[in-house]
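Next come two complexes, and both contain chain A; in the first it sits with chain B, in the second with chain C.
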Partner chain A sequence: MRVTKGARIVAGTALLAVAVAACGGGGGGTATNDGGGSSAQPVRVDIAKPQHELSPTNTNDTSGAEVLNALFVGLVDYDKDKNVILRGAESIEPDAESKMWTIKLKDGYKFHNGEAVTAKSYVDAWNAAAYGPNVQEGGHFFSAVKGYEDVAPVDPDGEEGPQKAPEPKAKTLSGLKVVDEKTFTVELAHPYSGFKTMLGYTTFMPMPSAAFDGNGGIKREFGENPIGNGPFKMAKPFKLATDTTISMVRYDEFVEGKAKIDAVEFKISSDKGTSWNELRAGNLDIMDQLPPEAIATAKQELGDRYIEQPSSGVGYFGFNARNGEEWAKNPELRKAVSMAIDRKTITEQVFSGTRVPADDFVSPIVAGYRKGACVECVYDPAKAKALWDKNGGGKGPVSLSYNGDGGHKEWIEAAANNLRQNLGVEVKVDAFESFAAILDELDKGKVTGGFRMAWIMDYPSMENYLRPIFGTGGSSNHGRYSNKDFDELLVKGDSAKSDEEGVKFYQQAGDMLVKDMPYIPVYFYQTNAGYSQRVKNVTIDPFERIDLAKVERVS
Partner chain B sequence: MSELNTAVQEPKAHPRRKQKEKKPNSLWSDAWYDLRRNKVFLVGTAIAILLILMAIMPGVFAPQNPLACNLVDARQGISSEHWFGIDNQGCDTFSRVIHGARISILVGLLTSVVTGLVGGVLGLIAGFYGRWVDVILSRLAEIFFAIPSILGALLLLSAVGRDAAGVWTVVLALAILAWPMVLRIMRAAVITAKSQDYVTAARALGASPFRISVRHILPNAVAPVIVVCTMNLGVFIAGEAALSFLGVGIQSPNISWGLMIADARNRFLMAPEPLIFPAIFLSITVLSFVMIGDAVRDALDPKLR
Partner chain C sequence: MGRYVIRRLLQAIPVLLGSTFLIFCTVYALPGDPVMILGGERRIDPVLAAQLREQYGLNDPLIVQYWNYISGVFVGDFGETFQGVQVADLFAGKFQVTIQLAVTALIIEALVGLGLGLYAALRRGRWQDHAVLALTLLLVSVPTLVSGFVLQLVLGVKLKTELGIDFFPISGTEAGWRSFLVPGFVLAGTSIAYLVRLTRTSLMETLRADYIRTAVAKGMPRSRVLGRHALRNSLIPLVTYLGADLGTLMGGAVITEAIFNLNGIGQQLFQSVARRENAVVVGVVTVLVLVYLLANLIVDLLYAVLDPRIRYE
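Right after this comes the complex of A and B.
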């Protein structure tokens, strides 16, 4: 999924931040630390603004996924070593060639409105997600299921084009079949041994019958007040346009056992620097990613309450290669940009050494990562300048866009300085007010030049770093990259007999990316999280999600 | 209490020039005579001239290119090579502070001139013609006057968007909310001057309204406007810095003190220099123009004598 994390300057809040910082900021817990009665303050968690209303089918950003993760439980989950463990599913069995999958559900899971989670809850949700006219962010994840072309026909001239996509031939995926109350089968378009691994992602969550409008669509009210099957339920509806908090209370009948805390409040922030000061002042309990300027001192200030661990995230620059600025369309110029960025110094000076310069398109924590695979990611200003001039890069202006609510300003400015000095171009840096805002513009294909992007895996597989971002029509293919050979290699990788064999095909696909450089990898993430004195037992997984069911209050 | 009573001031004789020449002293020559002897004015002017020189030819003062940054050196402290240390992006703070003077002073001057011209002309018209012209212009001015200036400018600039943000948009955003002040002062001065005998005399001689207003009223009403514009200059410079600090004013890679302060604030405890020095320069600049304005007011306002 796409990521927004870090810190920034925004009108108004900036003044507050200074004021708070000036007060010394050592703070700690608040006076009203009453340790866990029903009247206690909810545990307050920092997030950025979700891009859409909270429907599992339409959530592709880390903030939205973080919230949905508290509301919903899917078929599978992942343990510490990123192995698949069954959660909502009793069993998930493929046939001999991994094309037909039979999924049996566990008993006992219920939606917050009392409805039992059945095979139909999954099948209906998946059909609604895949149905083209619903335009759901998660739709493309079902492209592996048989019948996807019939429910979501390809738009002949892309989303921006004047032609509309043809009317879908079917409303439901022909590959999905309900066998009985607790069993359903999934027939895939091609053999895919890694299908089970995908199922832990938000898009594959079940939805109750109250969510659907009876005509293949999803009710708008559902996104405002989602009814899930997870450890927490909504305390009140969430209005995306106006609300700045999302309130949840514990769902007491949760079959896996009650959560330790009775209420959670997600606080939407537009400036990670402000959130950091709030955390220090005791007005916020958990931040799953600290702003870069806080990293250097956080360990000292928070002590045990500071978490530093590897994450699955990769930070990129993406390019609008279809209808953007001329330079963004030329792979050779993109390579020049890649070679002109001094990744090592940026990771050291801006991120206090807590990021790793990227040298592949996939994160080192998934199988298939190769050290140094991205040969164009090595800093070489002389070569970059020669390549830039040879291919008529010119004087610019080159535009770089980023979201201002994620703490990216410093490293984007640093990269812009790299380009100015090493390529001799004019660089225009453009800050969008929120990640949601830049995603909306990207969905419309309106961001002109380069843009910051990042990816945190949805499920632990190399494929997840390739298909959603670079596959034709991929759910997060903001660069509108399309390469038939690349798509074919992915299918070959899916269909391979063993994981090792599959990874080889995926790596070949990765090599094609290095040749075309539709994005340029910049750094590998690390989780730098912190929490207040009011809570304990805070754990964050490699997907950068907080395990809220385990969090406890300090009494 | 008796001690306090001892501090009775001697009535001060006005240090008027010894009247050797026959030509009578005008308001302006008196004012100039005062100003030349006013220490506050001299100090303020000296600083302002230095700053203006910095703005005109920053290359002479700045040892390095403000855009030639080397991230490896970020946050190094003060050294013989980098007098004000190095900022978070590895740029020389001293060079950036020098280059930052240009935009601050440009915005201050332009805004002062624009508000002076717009407010002055409209104030002259309102005061001279009176009646419905005055009613309309004064009410219009009051509408703008009611909007808090920084908040209003913030709204205007966010509405315009980052793409268009630049020196002129900041100038206009500040000027749109500041001209009514000049209008009010000009209007009051014109109304006072209008009832003077020399205006009646000019009218009796058959002078046109245009000639009366420009030749007879304006020279006698313009002094307070000049005072207000000079003092506002410092206020506008501070306004520009505030807007840039909040992210809606001048945009990088242009250099502005407000922007520098905003960029340095997050790591203030690690590297205070990149925040402190632009802040000092900003304060000194605002102070110098306020000092000049203060001195000019003392010199031009006969009532204070």
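Right after this comes the complex of A and C.
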């Protein structure tokens, strides 16, 4: 054997290094046992990974909102019929034109560190969210408040231009004023009767003085270990980058009464199919969204413990009515397309019943939704064909665009087949590689025909389904629909004396959409949730958040 | 010997620089604006978008962005993600998970692959040999997605709910080394099949060699013939394969990590490519290139141990 001694030593050392690395790794994994050891296991809730650290100001995703909802309580909440009910607020009163709102707080709410929740807790948090340089996801929610353009100025030459966005003129919103310990006023930029409905979202929750860095910003540590005013408090800090669980324990002094369960653990999972297996094996208690392939089995195996209810999402086809293909510019032809799509089969076959056919421009979860409001959303191939031919629809080609990264291929193809069969046209299906890419092309007006689009509400009001998408210059008006009468009806709705009166105007605006069909609603999203035998009283709100304070253990 | 190792390590530097630059360009060239992708299905506020672009230097030309990144790496700063997380912190926990998974997979692969290959070679032409070959076909043809979920359902859910045996966790890493057994096997699946076939062929060839016949003829014990002469001489292609496979197992575990909810580097890489997070993607690639280079170096050095005729100067 003439192996050089050096080679042996080097190879040996290298192998040893690999082995040590492997063993070293082994230690880390086993360390996480059930730490507390007090009573039973915590209630384990499945979530996807939150987008950001846990700060109300910087959360705009369902997982983050779910977690924060256990830690914080805001001014209002929503009852079973999606009506606004007061929670942290004693009263929320508008002036005569719904522009100046006075908010009074209830006594007794405290942060987990003992600090009382005051008007300042709200005003400071809202100012921090809105202040442009803080780069918070929730910032745009405050664009309705007076002074928003001074704290978050717009880049003068657009996003692409060389100039930077100017320095904000002010650090705080001029529309927010603390009156006394328990009262503050909000002045809006424009009258808006539905302002109260906005306030239930995570962005509007109060934050303790410990959260702020003294410079108008939010401390980084706060996002890892948030101090809330809700039924649960953090058991240990959460590191977004590496942690796979978020642990909370009950906050015993919660003024609305102690939660029924003593501990909650959010488990971050990457695959809903896996989470479903965990639920079946009893390693998980609540899943707020089941994977489509599990729905049939879940109905059988869970029985009463399976929840199915509408959620806020609406799926559409939009059209380039400005400079697109001829058919896309003609409202009658768009109606023909709408009637040629078999929504029922698509939602049942392609989505396994996790979506339902759309019959209005707004989701069933908001007040003002009318069943069957969109008359041309009903499948009627004969009528569709007649309408198409009468208005000179011709042979196409009809192009439909969608983003290939969101699992939309199957239903777009199904809809395309509907059009081919029922209208006798040539259909071209274009996949863009991402949602961002399709938005780019839409901005440039380069998408020629129809395109897939969806909307998830920011707050449960009809207005939120109308203005951003169809209002002139709306932030998500990708079809560039513009109708003066429609805009006027929205303004009338905003300045109405009451919610009910406002809804009437919004519904009239909705009727104009049915007439013009700038988009065609295709399906409503649904929440398909399930829970284990160990818990009961699981309810889910319009923002897809679980009310964990009400969840009980089955003993 | 020492000089050889140092020369190899120095050669790694241009390889690293070149590969990181290539990857940086590739991610840069991907269509879609990272800031808009950050918004997902929602539209990002233009003010917010402009600020994010400024903050992450996305308005700079490609070469400036690369320089900003790589000059940071030299002083130990791997940059941060769009969510403001330090890439170095991100890696700490995730590479640990991935290394555990890859090493478990490699051990399973080596044990099962070599074992079955040896068995098949010794039973050449008999039914056991055919059975092993059929098994490898099965391993190659079942996709990870299927084998992962089937094994998860059978070993994780059914074993626990039907028989009360709670040995294989369904997902996660709470159960320590046991957590990696099923994912390790799933990840190694295809590689096992190749290794079985490679071992079988390589060993069968060696067993036909003259020196084996001589060894048997002079009455050497069978175990010594097999272990000392046959196996050792067949090992060179197998070690080469195993060495190269370590890198593949570490970088290619996207699906396995997702199915078994392992918070590792594969998933991170997938998300970061989707989000156009150059700092993370390039960082991961840098580490993977290092793993490949080191594994190859070890393999080359092992050649000298296995075959005395090979020497490095």
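The working rule: the second predicted complex is superposed on the first by the 319 of 555 C-alpha atoms of A that agree within 3 Å, B and C clash if a C-alpha of one lies under 4 Å from a C-alpha of the other, contacts with A are read in each partner's own complex, and residues count from 1 in each chain.
To be clear about the criterion, a contact is a pair of C-beta atoms (placed from the backbone, for glycine too) under 8 Å apart; a residue touches a chain by one contact, two chains touch by 3 or more.
Every value quoted in this text rests on a predicted model; they were computed, and no experiment measured them.
Participant: Does chain B (first) or chain C (second) touch A:I456, or do both, or does neither?
Facilitator: Only chain C; A:I456 stays clear of chain B.
Participant: Tell me the contact category for A:G273 with respect to chain B and chain C: first, second, both or neither.
Facilitator: both
Participant: Have a look at where A:I346 lands relative to chain B and chain C in the superposition and call it first, second, both or neither.
Facilitator: It touches chain B, and chain C stays clear.
Participant: So, does A:V429 touch the first partner chain B, the second partner chain C, both, or neither?
Facilitator: After superposing on A, A:V429 lies in contact with chain B but is clear of chain C.
Participant: Considering only the touch criterion stated at the top, classify A:S91 as touching first (chain B), second (chain C), both, or neither.
Facilitator: After superposing on A, A:S91 lies clear of both chain B and chain C.
Participant: Check whether chain B or chain C contacts more residues of chain A in the superposed model.
Facilitator: Residues of chain A touched, chain B against chain C: more for C.
Participant: Check the residue A:P291 against both partner chains and state whether it touches chain B (first), chain C (second), both, or neither.
Facilitator: In the superposition, A:P291 touches chain B alone.
Participant: Which of the two partners, first being chain B and second being chain C, lies in contact with A:R420: first, second, both, or neither?
Facilitator: Once the two structures are laid over each other on A, A:R420 reaches chain B alone.
Participant: After overlaying the two complexes on chain A, where does the chain B footprint on chain A coincide with the chain C footprint?
Facilitator: Touching chain B and chain C on chain A: residues 7, 10-11, 14-15, 18, 21, 273.
Participant: Provide the residue numbers of chain A that touch chain B in the complex, in ascending order.
Facilitator: Interface residues on the chain A side: 7, 9-12, 14-15, 17-18, 21, 273, 291, 293, 296-297, 342, 345-346, 349-350, 404, 409-410, 413-414, 416-418, 420-421, 427, 429-431.
Participant: Where on chain C is chain A touching in the complex?
Facilitator: Within the complex, chain C touches chain A at residues 1-2, 5, 31-33, 36-37, 39-43, 45-55, 81, 83-86, 89-90, 92-94, 96-97, 99-100, 103-104, 149, 152-153, 156-157, 160-161, 170-177, 179, 257-261, 263, 267, 274, 294, 297-298, 301-302, 304-305, 308, 311-312.
Participant: Contact residues on chain A for chain C in the complex?
Facilitator: Contact set of chain A toward chain C: 1-4, 6-8, 10-11, 14-15, 18, 21-22, 24-26, 28-30, 32-33, 51-53, 60-61, 132-133, 135-137, 139-140, 152-155, 158-159, 164-165, 220, 239-242, 244, 267-271, 273-275, 277-278, 280-283, 405-406, 433-437, 439-440, 454, 456, 475-476.
Participant: Of all residues in chain B, which touch chain A in the complex?
Facilitator: Listed in rising order, the residues of chain B that touch chain A are 67-69, 71-72, 74-75, 88-90, 154, 158, 162-163, 245-248, 251-253, 262-263, 265-270.
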